[in-house]
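Structures for review follow.
Okay, so chain A shows up in both of these, paired with chain B first and chain C after.
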Partner chain A sequence: MQLIKISSLILLSIFFVFLGGVILDDNQSESVISGKTFPVFQQKTLDGKDISNKYFSDKTVLVNIWASWCITCLVEHPFLESLAEDINIVGINYKDDPKNASDWLAKHGNFFTVNIHDPQGNLAIDLGVTGAPESFLVVNGRIVSHIIGEMNQRKWEQYFAPNL
Partner chain B sequence: MHLTFKIIVVALLMLPQLVFSQSQEFIFENEELESRFYALTNEIRCPKCTSGSIASSNAPIAEDLKRKVYEQILSGKTNDEIKAYIVDRYGEFADYRPSFDSWNLFLWLGPGFFLLIFGYLFFRQQN
Partner chain C sequence: MIPELANFILILSMSLFFGTSLLGIYARKIESARILIKPLFTNANLLLLTAFALLVYLAVIDNFSVKYIASHSNSSLPVFYKISSIWSAHEGSMFLWIALLGSWSLLFVRSNYKTDLYITDVLIILSSILFLFTAFLIFTSNPLDRILPLSPIDGADINPILQDPGLAIHPPMLYMGYVGFIIPFAAAVANLTSSSNHAWEKSVKRWTLAAWAFLTAGIGLGSAWAYYELGWGGYWFWDPVENIALLPWLCGTALVHAMAVSSKTSNLKAWVTFLAMLVFILSLFGAFIVRSGIIDSVHTFASDPTRGLYLLSLIAGISLFSFALFVFKGFNYQKKVMLFGSKESFISLNNILLMTAIFSVFLGVLYPLIYEAILGPKISVGPPFYNTIFAPMVLIAGLFIGSSIDSQWQRPFRSGKLLKLARCLVLIAIILAILYFLLGISFSAIESMSFVAGSFILITYTLSIFNTDRKRRIVNLGSFISHFGFGLLLIGIPLNSNLSYEETVAVVINEPKQTERNTIILNNIYEAEGPNFSSIIAEVEVNPGTNAVLLMPEKRRYANRGQVTSETAIKSSFLRDIYINLGELNDQDQWILRLQSNYFISLIWGGIMIMLLGILVFLRKLKHAAD
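And now, the complex of A and B:
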């Protein structure tokens, strides 16, 4: 009888450990990059100007990883456009051809304050990016939120809006 | 028909060449560096994949991380430094050999702990 009681207790403990793991895994705002300062970088924008991490030091910015070859980026584009009325959105054009990227922006609309060209994905790796799209909320040079995948109303309200 | 057969034969003969040229993407000065590269890329989990190392994945991010590991090996970084670089960006999740610290204590000691308890209870029940 005692054996059954102790076994049940142990199995219950294991269950809660796994449950905790699943809940933590689902909470994308607990990204390993959240809380860190924006990585040091020196790159070009899509229109050929120099840009560095200093750009982020004194503003609140939504950073969006996108590419012209990314279907989901097209899906989230209208929602990001609606956000652009209230917040600066900086694009990181990820592993893309600059001509294709410019054509894509001309066709679908360019609400980005600036677009950093990241052809090799080096800046993206420093941000812990796994692909496109991904979004970050950067407040005064510090990353406060990070989501993987499509940005939408639910994710904005759950992970980004509370940190503004 | 005859021409089709020839085309298939030529394509099959070219296949090993294609595979060979892909495996030559990372060139090392010696075997030690090469074996370090393969050991490390097998120990780093592909962050985009459900399960699998960056060595076994051809996802774009896995290719990029292999390139980073390659560049860092050539620049003289140690295995620990390279792993720290990856873990700093993608978390302990990316390391197939997580460090032995207070956060991972349960992960490392948990199985042995439960084995001991169950063993103790089992033998106590038997007696």
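And now, the complex of A and C:
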């Protein structure tokens, strides 16, 4: 009995140590994809037009992975909208139903220059995407910055703006 | 000058809380010192509240030399929003949280006249916790820091999503609930440390119920706010922050029910102690998850690892201390036999279900973290997991709640009851058949579980009104009303999820457009100016003719942040809410409108309000009993 009591307390302590580790580890890790060229792909846009990696070869764009089922995407949406005045934003609609995606855009506002439809997440795999949302800064076909999670003023200034 | 004064008062209050806990430890042995603890504690709390009042005052008079006010308020805001801007971000919400914690503690301490060893221990616990949190506020997130010598002329404005009466009340309500659980926590811990045979559950029952009522109202308001103002189109999203508010709520539910058992039958004493500790720790855990930003959610504020670590060590310390105390001292109660079919047996069974629910939600919230730490990729646990887990539990809980209505304390199950319960189930089967054959409503398995549970509660409870046996009539009106409200909620949820639908249409001004089930006309669309935003307003008529509904959805652009929000227009009736969002103008000069028909939302809000009403009735009864 005494053993059970003590081990339950030890387990609880381990749990807290684990959470502490998660917090310390939570800062942006250096992305392996940064510095590489944008992967070769051939997809459709949400409006059904063809698009390939050539699209990125001569532009500076922010690429944003989003989906209508992603609540954090809703949170970063207003901030991206304010960014859209200064930089072209290309969306990659990730593992989503096209109808839900267009409804979502109609409801919350569509500032994307173009939206690449990626229902299977194939392009996202090549980009090393782990989930939605994520954002990339692509300059003349090269990926220069990458963040995981919500885009906000702080992350923009820290990771993206210096590389423009 | 005033910010420095407020800062000074806050530091003074922190020192006094520290002093109170030291004095308390001294007074455990030296009884003559006890007379001093309560006044010291009272003063520390009054200072804390003064510092908070000063921050509110600084926000009202637009003192933008205070960094927090400069980054979250603006001189063009109405006074109401200047005040609510205080809890629109991390530092201010934390301050509000602590001020409320202090207020609850103060009220509770003042309601006890004697200062015996038990109350001394309560005071030590309360003042230590308040000391640790005021220190957290001052050292890691001080809302009174200034920008000097060059302070901004105007503030950056409050996030427009938060400029809403809903924000002004939702967080304070929710925090009132969270922090109110400090009372049962402190009482349970003090009961163990002072080894008194104090009837502590009885003395904190009212406080626990009040905290639970605030939490219920806070969660309800949050969900109404998301539905009516944010235009999310639903009332519950299983978002991590919603889930962690649900954890203390589920635990609080278990606690108030277990308290009823322990005060009526003196069963479950150790269990009540455990729950009283757990409920406050879960509340703290909620604060930690939101503040540390380790989980992505709609509620995430800018994350800062030092704050997260501080809070985590605080929670780790508090929970290890209290659970160790419980593990080594909490089991000194006589074991009592519980008869199956008695009221306490049903409540205990539901307590087990509630614990299972707590564990499942906890797992759902933390699983992505654990998965990411061990295997790498980020994943998210979504609504399907929670719906699938909750539905069967709700079904079983509903059956127990319904069966418990004419059971009695410490009396065994009567076999005659089985027949009665079976009749109710047949009746429900008939209702389901009518819904299916006459109205064409076919529920999914998950929906029908909730529907059966809800209607079972409603039927058994309604029948009990006509019970001729006096002993088996309603004994507790408050509990009757609350459970009835819960029943309404349980039938509202499946009806809503089954019947509601969405349509997106592109319309030109003055041209009626026929969709599958509605006719829509865009009568007019124009621009307008608000106090700190400009907007486009559309006048939309749905189903012109006899039951026409006029709605005016809006799109706003806020000048200071350039943020665009859409203001949903909603027309509510008992049966259905029509919900319209204004989208963009497409390249064929058509406006995109999204129309949602949400059925029986009124049952969901109504159910929650009736639950609250029941708690209030019960609280009144307890107050009479106490007087």
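In this text, the second predicted complex is superposed on the first by the 135 of 164 C-alpha atoms of A that agree within 3 Å, B and C clash if a C-alpha of one lies under 4 Å from a C-alpha of the other, contacts with A are read in each partner's own complex, and residues count from 1 in each chain.
Throughout what follows, a contact is a pair of C-beta atoms (placed from the backbone, for glycine too) under 8 Å apart; a residue touches a chain by one contact, two chains touch by 3 or more.
Keep in mind that what you see is a predicted model, and the values were worked out from it rather than measured.
In the superposition on chain A, A:Ser8 contacts chain C only, with no contact to chain B.
Comparing chain B with chain C, more residues of chain A are touched by C. By the touch criterion defined above, A:Val75 lies against chain C but remains apart from chain B after alignment on the C-alpha atoms of chain A.
Contacts of A:Ala106 after superposition: chain C is touched, whereas chain B is not reached.
By the touch criterion defined above, A:Arg154 reaches chain C but does not reach chain B.
In the overlay built on the shared chain, the residue A:Gly128 is in contact with chain B alone; chain C does not reach it. When the two structures are aligned on the shared chain, A:Thr45 is found in touch with neither chain B nor chain C. Put simply, chain A uses residues 130-131 to touch chain B in one complex and chain C in the other. Residues of chain A that touch chain B in their complex: 3, 6-7, 10, 14, 17, 32-33, 95, 120-121, 125-131.
Interface residues of chain B facing chain A in the complex, by the touch rule stated above, are 47-48, 59-61, 64-65, 68, 88-91, 93, 106, 114, 117-118, 121, 124-125. Per the touch definition, chain C reaches chain A in the complex via residues 161, 231, 237, 239, 292-294, 296-298, 300, 302-303, 305, 308-309, 312-313, 315-316, 319-320, 323-324, 327-328, 369-370, 373, 376-380, 382, 502, 504, 561-566, 581, 583-584, 592, 594.
The part of chain A that touches chain C in the complex is made up of residues 5, 8-9, 12-13, 16, 18-27, 69, 71-72, 74-75, 78-79, 81-82, 85, 102-103, 105-110, 130-131, 148-150, 152, 154.
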